[in-house]
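Quick one: the structure is below, and I'll ask about it shortly.
Which chain is which? They are A, B and C, in the order written, and residues in each are numbered from 1.
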Amino acid sequence: MRGPHSFVRSYFPVNWSLFFGELVSGLTLGSIYALIALGYTMVYGILKLLNFAHGDVYMVGAFIGFFVLQWLGGPLTTAVTGWLAIAIMFVVAMVGCGALGVGIEIFAYRPLRNAPRIAPLISALGVSIFLQNSALLLWGPQFRSYDTFDLIGVKSYHIGPNFFISNIQIFTIAASIALMAALTWLVARTRTGKAMRATSFDREAAEMMGIRVDRVISFTFFVGSALAAAGGVMFGIVFGQIFSLMGFTAGLKGFTAAVVGGIGSIPGAMLGGFLIGLTEAFATGYLPGGSTYANLYVFALLIAMFLVRPSGLLGSPVIQKV
Amino acid sequence: MVGPNLGGGVPPGPGVVDQPRVGVDEWVANVDERREAQRGLTGLVRRGWERVPPAGRLVLLLGPFAVFPFVTNEGNLFRYGLITVIYALLAIGLNVVVGFAGLLDLGYVAFFGFGAYLYGIMASGHSGHHLQAEIAIPIAVVVTALVGLLLGLTSWRLLGDYLAIVTLFFLQAFVIFVNNANGGPSDFAYPFVGRVDLTGGANGLDQIDPLNFFGYHITTTKGYYFYTLISLALLMTMLYFVNKSRTGRAWRALREDPLAAEVMSMPVNRLKLLAFMFGAATAGFTGTIFGAVQSGAFPGDYDVGLLITIYAIVILGGLGSIGGVVIGALVVNGAPELLRSSSNARFLFYGVILLALLVAIRPWYRLVVVLLGTVAFGAIVHAVVVAAWPRGTAGHVQGGGAFGRALDHWVLIPTHVDRIAGWAYFVLILAALVLTLVRGWWRTIALIPTLYLASFVWENKLIEQVSGATRLILLGALLVVIMNVRPAGIFGTSRVEIV
Amino acid sequence: MALLELRDVSRAFGGLQVVNGLDLEVGEGEVVSVIGPNGAGKTTVFNLITGIFRPDSGEIVFEGNTVSGLAPHTITTRGIARTFQTLRLFLNMTVLENVMVATYGHTRASIVESMLQLPRSRREDKEVRKLAEEKLAFFGQRLMGYRWDQPAYSLSYANRRRLEIARAMATGARLLLLDEPAAGMNPVETHEMTELIGKLRDDGGYTILVIEHDMHVVEGISDRVVALDYGVKIAEGSFDEVATNPRVEEAYLGLRKAQTK
């Protein structure tokens, strides 16, 4: 039985190594969620569409990474060095999923641009279940392992007595921050980024100004899906195991992150991702029933966010035109 | 005089009003004629159906169901009859939420689970309580409705898409909860009572009592079937009346334009909650039946797969259509059940493809080109492969029959097919994508190898898992295709969004 | 006593003061027109009165009771109903249903009563149908007969405007707020609308507050005209007084032109 002493201990973190452990794993997880959230938020910003299939694109990305690794000779006998193998996995998965995202958009969403709002949502649900079960059919329900230990070897660095961080965690956090920085630059500084912002602001007006809206939307799907694929490969590297149903929960959390940060806002998605990751990690470490019910705590955070600030942390409230 | 509208001219006097006016109402006057002009079988069926009085429609829809138990055996009654009726009940509840009130509730299946689990907690060997059904069912329904109320509260502040994700997360939370709330070491310790085994965890809540009304036990499948069927008939009738009443009208207004509804004196938030509660109560009620029928409640039964199934039913039947869901349930439950035997599944697969081609391809000579072309293409490919790579045709199709044997001489069935079939599946999806992008004769020509490829993938891969992944793949594809072709659903009347 | 009274009502969106310290009175049985250039805040005034937006400050009083801060459906049930500038009919419901649905606020049958077709529900349904037919009959042959069971989207533009008015009438309101009732109509239809508004007041007993750009309509219907610019009342009085008011000319035609005149 837990006594009052343990209660105090678990709610007032005196156990610094547990605290830092959860902090680092929260940031790692958070960077993956942030990558997923970016895809949601970009697509939502531009089409006002909730792309349910996004989580499954992430899953496909993880599997593409896995198969590339096999094709390179497997983790133990890779044809190239470990880090180069990882780079190749990232590139192939991102390009493959980008193409998948574009295909989904053309096939399932584009014909529904002017349909009632509920139609593309249901279409998205259909795509999601299609991808998920296609994966189940082709790759089976079993877990696949990236065997990261064999691939690159895991080193752990100590900073002070309580702070541990592994090279994989550093890599994940750094790589995702780099990707986010690249995206921010893309949206803020390039012509394409300007076109994306214009399209999300007013699609019809953008079209009349000579922006090729279809192309911009395709590009958005490409980038969003590629980021999700990067998240999928990272998940494989960090946690080792991937499976065909992993997209559903991850998609939910990614969306939650996007909403918490303020949907449509790119920095919001990043912030939301880290927040969700940290919530999950600290809930696992500190809250009752945490390891089992961490997802429930994330859900609670989502609800709380809706009640307190429906437009999210960095989102701007929408004024309805009457 | 200064005014913003100086060019209007002098308004004509009252005498001019009765003249025929240009461009005012011809279109309207013609609506009926155009409706009558809807030709062919569909038009005939629709018009005939509209002439039948409502009570007659109910009899026409459910009459065959009432006869069904007397012409079939126990197993078929359960699979084709009872499950279909249960699906129809569920779909009707969902239709109120999605079809009438326009709220995208993706947590709906959780309420179904609530019903089953609550009934199980009140009446099962697992929990040790054995309440009578006439007490347990109302409690389960009311509690489920209250949970629906709580979830519905989020709809006050959320727009459609946000609501969808919150409810989907709610379903996920429900599944996590019932999977773990077995009082085990990883579970919550509740205030006051400590750890309790509520749901039996991943193994499910077993030994649920059969329904027991005032001492009368329902024990047979037939009994459950009629109990469910009568509930369905009652619910459809009541919903028919609600649809015509102030509440039903207000729900539909809410779906059309929430803001205008609010300004036209309808308390939108209360109406949303009402729809949510109505849906939840229906699902909860259905859950009590399902729990009792299965004599258990298992976490895996209440997941996204079922959600998709119910959505497919509602969409097939037409959003907002009460009778349509019965047909939707029949199709969505019946078809995959037929899929269970691989030779039946084959007939269904090729039959649906043929039907789709018949409907989609005009004029007729293109259809002939496609069909003959596909047969010839297959024969040539088969002949080439026999000569060049004998292993490519060494296998045999699963399931026999004359059709199967004929296919053996047409489709490639390689031994050790797994990897090839995987790629073929992938290529098939690509081919389907390409098909949507090309037009005219190119599409007709591209269709030929695509069809052959589809048949190859079907025989080598999809047929292995007809009751599992394949079923959901087809349902998923069906949802996408229907949304593309007819967003109002097959049996629904198409709606105008903005004119 | 005035039926509707706005006392020093203000509302801003972001930094933009859309309605600024507005006082407005509408007496029982009056037809008051609100005019002003685009963006003057006219529709916002309607949104404030009907409760879609809350005023930042000030008070809106209807029949002696404060209604600002109430939910829109409550305000409508109290007796203020409106039409929309951009038509917002329930397009996929029939013409008759569009009118019947607006009686929600003063019918009482619960969903259970409707399900079981208990007496109150049946009686109310009959009454509501009769009421809706009466309201539609107000428009002569325009919305009669076979049109009742047609979906609203099949109506012509002018008939949609009429149906919106019928729907507002069915809420049981005493005060109708009409937002550009003649917009997009041809001269014949515009003329009919002018007559209709007069008939609404004289035969229907409604008090009417109307936003209108067509000065012929305004001239034809108004007991009083209120001119707004930048959310401020710049003139009030009879049509002639307001139309010749230099500030109104200035608002419509711009400063320079008014000076050179």
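A few notes on this one:
By definition in this document, a residue touches a chain if its C-beta (ideal position, glycine included) is under 8 Å from a C-beta of that chain, and two chains touch if they have at least 3 such contacts.
Only a predicted model underlies this, so the values are computations on that prediction, with no experimental measurement involved.
Chain B has the C-alpha centroid lying closest to the overall centroid of all protein C-alpha atoms shown.
Using the average of C-alpha coordinates as each chain's centre, C ends up farthest from subunit A.
Centre-to-centre separation of subunit B and subunit C, using mean CA positions: 42 Å. If each chain is reduced to the centroid of its CA atoms, subunit A and subunit B end up 29 Å from each other.
Put simply, the C-alpha centre of subunit A and that of subunit C have 49 angstrom between them. Of all residues in subunit C, those that touch two or more other chains are 52, 84. In subunit A, the residues that touch at least two other chains are 322.
Residues of subunit B in contact with at least two other chains: 259, 495, 497. Within the complex formed with subunit A, the residues of subunit B that make contact are 98, 102, 104, 106, 154, 157-158, 160-162, 164-166, 168-170, 172-173, 176-177, 180, 186-189, 259, 304-305, 308, 311, 315, 319, 422, 425-426, 429-430, 432-433, 436-437, 461-462, 464-465, 468-470, 472-473, 475-480, 483-484, 487, 495, 497. Listing the residues of subunit C that touch subunit B in their complex gives 37, 50, 52, 71-73, 76-77, 81-82, 84, 88-93, 97, 100-107, 109-111, 114-117, 121, 124-125, 128, 146-147, 150-151, 153-156, 158-159, 167-168, 171, 186-192, 194-195, 213-216, 218, 220, 243-244, 248-249, 252-253.
Considering their complex, residues 1-6, 8-9, 11-12, 14, 16-17, 19, 21, 23-25, 27-28, 31-32, 238-239, 241-242, 244-250, 252-253, 256-257, 259-268, 274, 278, 495-499 of subunit B touch subunit C.
By the touch rule above, subunit A contacts subunit B in their complex via residues 44, 48-50, 103, 106-108, 111-112, 114-123, 125-134, 136-138, 248-249, 252, 255-256, 259, 288-289, 291-293, 295-296, 299, 302-303, 306-307, 310, 320, 322.
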